[in-house]
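Okay, so subunit A shows up in both of these, paired with subunit B first and subunit C after.
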Partner chain A sequence: MKHELMEILCCPMCKGDLVLTVDEEDDKEIIKGSLFCGKCNEHYPIEDGIPNMLPPDLRE
Partner chain B sequence: MNTYSKKVAVEQFSKRSNAYAACGALMDQADLDTVVGLLDLTGMERVLDVATGTGFLAMALSPHVKEVIGIDITPGMLELAVQAARKGELDNITCLTGDVEHLPFGESEFDAVTCRFSFHHFPGPRMSMCEMARVLRPGGRLVIEDMLSSEDTAKAVYQNKMENLRDPSHIKHYKASEIERMMHEVGLVVVDRVDGSSDFDFGHWIGMADPPAVNVESIREMMRLSMDGDLSGLDVRVKDGRMVFSYTTAIVVGRKGVSGY
Partner chain C sequence: MTSITYRDKTIQLASHVYEPAEDSFLLVDALLENIRNGDRVLEVGCGSGIVSVFASDIASMVVATDLNPYAVRCAAGNGVTVVRTDLYAGLKGTFDLIVFNPPYLPTSKNERLGGWDDMMLDGGPDGRRTIARFLKGIRELLSQGGRVLLLVSSLTGVSEVRRSMQDAGLAVEPMLESRHFFEQLIVLKGSK
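Let's turn to the complex of A and B:
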């Protein structure tokens, strides 16, 4: 995902702000990392450049 | 029930993503052009494509807008979309995994929201409609294209029974009037509707979903019985020795009121 996506992305559950952690990126996008919602205490992973924003009960 | 239905959908589409990626009806360029045309685009828009799947509509929208965000519940479908977008160097497409009933965006972030041939898979149609309207800006358009059922309730029930036997992730093919009513309930004004039809070969249609053999026989029998009196509303018929039928489809366009909802 591109950094600019952070401008519109929010927690799917409480719609609150997310904190981005980047583990790996190239010149275009974030390849691996996570998005954290402090209010829900929930991490949403970014893998292969695709953020997984599914609610916790739909993620394995 | 809701979570279970969504997991069934993920399982179904993870197995069948390649079959859907090659589906003629989904990649019909004239139909994609019609949807793009109904959005009145200026090139400045940010569009959300819900249940983007392998990204046919996202890719069709890409040259006409500033940015397309594609969201889908099935990661396997998105991987194909991402690969295709990279191959076509369409770098204004972003894909993410998510659930339409819990969209990870704030209110009014999108100039348009699209949802093509997938609304019938959503376990919570009203919640889904509500979320799509929420992220749409006032004055923005929501376009839903889907296969329909007959307005005749008995025929609609017959059709949906076959669909459930074919694909466990099928929830319901709605009447056009039901889709319009749901749009109205979330504060959208229906401003346009384009009706169409799409012919399917029974064997090809069954093969795409690949249900158990016992279900195939039940559906075949229901299709055959449907020919007399059009019990399913699908106009089942035999053409060149093969069983074929026609879905009625509609592209329904709703506009969000400027004063909100």
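Let's turn to the complex of A and C:
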């Protein structure tokens, strides 16, 4: 995902803002990382450049 | 890898991802009629990403969502910016154009097969279960004057969906229709 996507991503449960941690990125986008909601104390992973915004109980 | 070509675009397909059919093409046609230069576009339940690929030429920003992990990978492979989420749960902000080709087939409990192949079709007992969830928070996601393009089938109950869109605070008009062997497809446009 591109950094600009942060502007429209939110926690799927509380709709709050997220904190981005980048583990791997190339010159175009973030490949691996996570998005953290402090209010819900929940991490949403970014894998293969795709943010997974499913609540933990729905994730595979 | 299998691909499909519609108008001037070739879309790569994948297993467990909805294969674009008449409904997808009708929604592409409606999008191209409705989209304006610079629109911010959201596609919900994008599958292969075919509608978003067409939107990308004209929109200033396109983001697509899907619940299905195979679909988000397939759409990303087609160059679409995609988020794995339930409808638009992980998104905030407003959009000028929101498009959705929902699972709309009425499906009873014992017809349900489970799995991703089922989820892309299963609209619940009346075919409108996912549509109802989609419409619930849609007005907040639309900019002033923003539009929703929703594909429905005669099997889903067009007048019932129309009423639900009106109840969600949208002005509704039918846009495009196409008739098929066992159903009639229609794109309903809802404006804020």
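Convention: the second predicted complex is superposed on the first by the 59 of 60 C-alpha atoms of A that agree within 3 Å, B and C clash if a C-alpha of one lies under 4 Å from a C-alpha of the other, contacts with A are read in each partner's own complex, and residues count from 1 in each chain.
Please note the rule applied: a residue touches a chain if its C-beta (ideal position, glycine included) is under 8 Å from a C-beta of that chain, and two chains touch if they have at least 3 such contacts.
The model shown is predicted, which means the values in this text are computed figures rather than measured ones.
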Next item on the list: Go through the superposed model and pick first if A:K28 touches only subunit B, second if only subunit C, both, or neither.
Entry: first
Check: Which of the two partners, first being subunit B and second being subunit C, lies in contact with A:D57: first, second, both, or neither?
Finding: first
Notebook entry, point to check: Does the superposition put A:M6 against subunit B (first), subunit C (second), both, or neither?
Noted result: neither
Next item on the list: Could you say whether A:C40 touches subunit B, subunit C, both of them, or neither, answering first, second, both or neither?
Entry: neither
Next item on the list: Please work out whether A:L20 is in contact with subunit B alone, subunit C alone, both, or neither, and reply first, second, both or neither.
Entry: neither
Notebook entry, point to check: So which bits of subunit A does subunit B touch that subunit C touches too?
Noted result: 1-2, 5, 8-12, 15, 44, 48-54, 58
Item checked: subunit A - residues contacting subunit C, complex -> 1-2, 5, 7-12, 15, 44, 48-54, 58, 60
Next item on the list: Quick one: which bits of subunit B touch subunit A in the complex? Just the residue numbers, please.
Entry: 3, 6-7, 10, 46, 69, 71, 73, 75, 78-79, 82, 91, 94-99, 102-106, 109
Notebook entry, point to check: Which part of subunit A faces subunit B closely enough to touch in the complex?
Noted result: 1-2, 5, 8-13, 15, 28, 44, 48-55, 57-58
Item checked: Touching residues (chain side subunit C, partner subunit A) in the complex -> 63, 67, 69, 72-73, 76, 81-86, 89-93
